[in-house]
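The first chain written gets the first letter, and so on, giving A, B, C, D, E and F; residue counts start at 1 in each chain.
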Amino acid sequence: MPMIRVEMFPGRTVEQKRALAKALTEAFVTHGKTTPEAVSIIFVDVAKEDWATAGVLASDKQ
Amino acid sequence: MPMIRVEMFPGRTVEQKRALAKALTEAFVTHGKTTPEAVSIIFVDVAKEDWATAGVLASDKQ
Amino acid sequence: MPMIRVEMFPGRTVEQKRALAKALTEAFVTHGKTTPEAVSIIFVDVAKEDWATAGVLASDKQ
Amino acid sequence: MPMIRVEMFPGRTVEQKRALAKALTEAFVTHGKTTPEAVSIIFVDVAKEDWATAGVLASDKQ
Amino acid sequence: MPMIRVEMFPGRTVEQKRALAKALTEAFVTHGKTTPEAVSIIFVDVAKEDWATAGVLASDKQ
Amino acid sequence: MPMIRVEMFPGRTVEQKRALAKALTEAFVTHGKTTPEAVSIIFVDVAKEDWATAGVLASDKQ
């Protein structure tokens, strides 16, 4: 049943998402004591202009 | 006040979303004892390459 | 794959949650063209002091 | 550590998001007793056809 | 329609949440060009043992 | 900047959460090409009576 939602900057390739899905699932199976089939993962791209820290948009920090 | 957030694969038409909004609201009014005006629903499309189960992207399962 | 997350005021009984889960799933299967097994639902209780509209906590509106 | 997630209709400009990020952070620092660096904000655009209230899509209310 | 969800460490008083709700709503009305009635806010307490950065639980950082 | 939110059944110990936080962060650093400091993780316990699949509460499936 673990539902893992990942918000991240855009730009990861499908290959990276493939590897992330596999590695995050394995990490959860090993340390969270569950089965791979129980683990769901959603990736959500958040543009740098839509993510702020300390009051400043990430797109304004470069 | 119920806030219903639905994450789903892309592809539902506006007509389907219209019908879903109506039916989900009615279900909640009937069984959750609230009023239609209190119910908010958000639909979020999640691409198959962004949704993994058992460590495998949905886009890799076809 | 639809993941439905419902935020609502506390107080619904297990029976109400049971009926809501069944009805929301049926609504999605009928209008969202999916199978019951694909539908996951999470209920999240939000206390009235933690939910504000128009700048006022719901617990202050009674 | 406050993580603020804002779901809103599309259409705000980068300038508005810049001002919102600054103002929301200041509001939190002042009233939530934290530091600007601790505050993260994510903006999520939700199309009017994906947001329903009282069982009706926002895009159908105009 | 803005829906603002705030995840934060536990411990804010009702008075602080009252002030936060007011200030966050005002910030959004001013800079997001909307009305107070359109703004909903949800506060979610997250225990320090449930929040990690750099792989370390916040509860382990004191 | 990756923000990882994990919804799971209650019952994991602090030790398990500690190990999960470490392993999930490492998985992301390795495959998501980021730094440990950029990764935040939130664990959210969801009771079995609040999680349904195929229209049936998890608490009713035992």
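Here is the rule we go by: a residue touches a chain if its C-beta (ideal position, glycine included) is under 8 Å from a C-beta of that chain, and two chains touch if they have at least 3 such contacts.
The chain list, named the UniProt way, goes like this: A, B, C, D, E, F = 4-oxalocrotonate tautomerase.
The structure presented is a predicted model; accordingly, all values stated were derived computationally and were not measured.
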Chain by chain, through touching neighbours only, how many steps does the shortest route from chain C (4-oxalocrotonate tautomerase) to chain D (4-oxalocrotonate tautomerase) take?
-> 2
Work out which chains are contact partners of both chain C (4-oxalocrotonate tautomerase) and chain F (4-oxalocrotonate tautomerase).
-> A, E
Averaging C-alpha coordinates per chain, one finds the centres of chain D (4-oxalocrotonate tautomerase) and chain F (4-oxalocrotonate tautomerase) separated by a number of Å equal to 25
Which whole number of Å gives the spacing of the CA centres of chain E (4-oxalocrotonate tautomerase) and chain F (4-oxalocrotonate tautomerase)?
-> 21
Counting only residues that touch at least 2 other chains, which ones in chain D (4-oxalocrotonate tautomerase) make the list?
-> 3, 7, 24, 26, 40, 42, 46, 51
Line, ring, star, complete or other: which describes how these chains touch one another?
-> other
All pairs of touching chains, each written as two labels joined by a dash | A-B, A-C, A-D, A-F, B-C, B-D, B-E, C-E, C-F, D-E, D-F, E-F
In the complex, chain A (4-oxalocrotonate tautomerase) residues that touch chain D (4-oxalocrotonate tautomerase) | 7, 46, 49-57, 59-60
In the complex, the residues of chain E (4-oxalocrotonate tautomerase) that touch chain C (4-oxalocrotonate tautomerase) are 14, 17-18, 21-22, 24-26, 36-37, 39-45
Contact set on chain A (4-oxalocrotonate tautomerase) toward chain C (4-oxalocrotonate tautomerase) in their complex = 3, 40, 42
What residues on chain E (4-oxalocrotonate tautomerase) touch chain D (4-oxalocrotonate tautomerase), complex-wise?
-> 1-9, 12, 16, 19-20, 23-24, 26-28, 30-33, 46, 51, 58
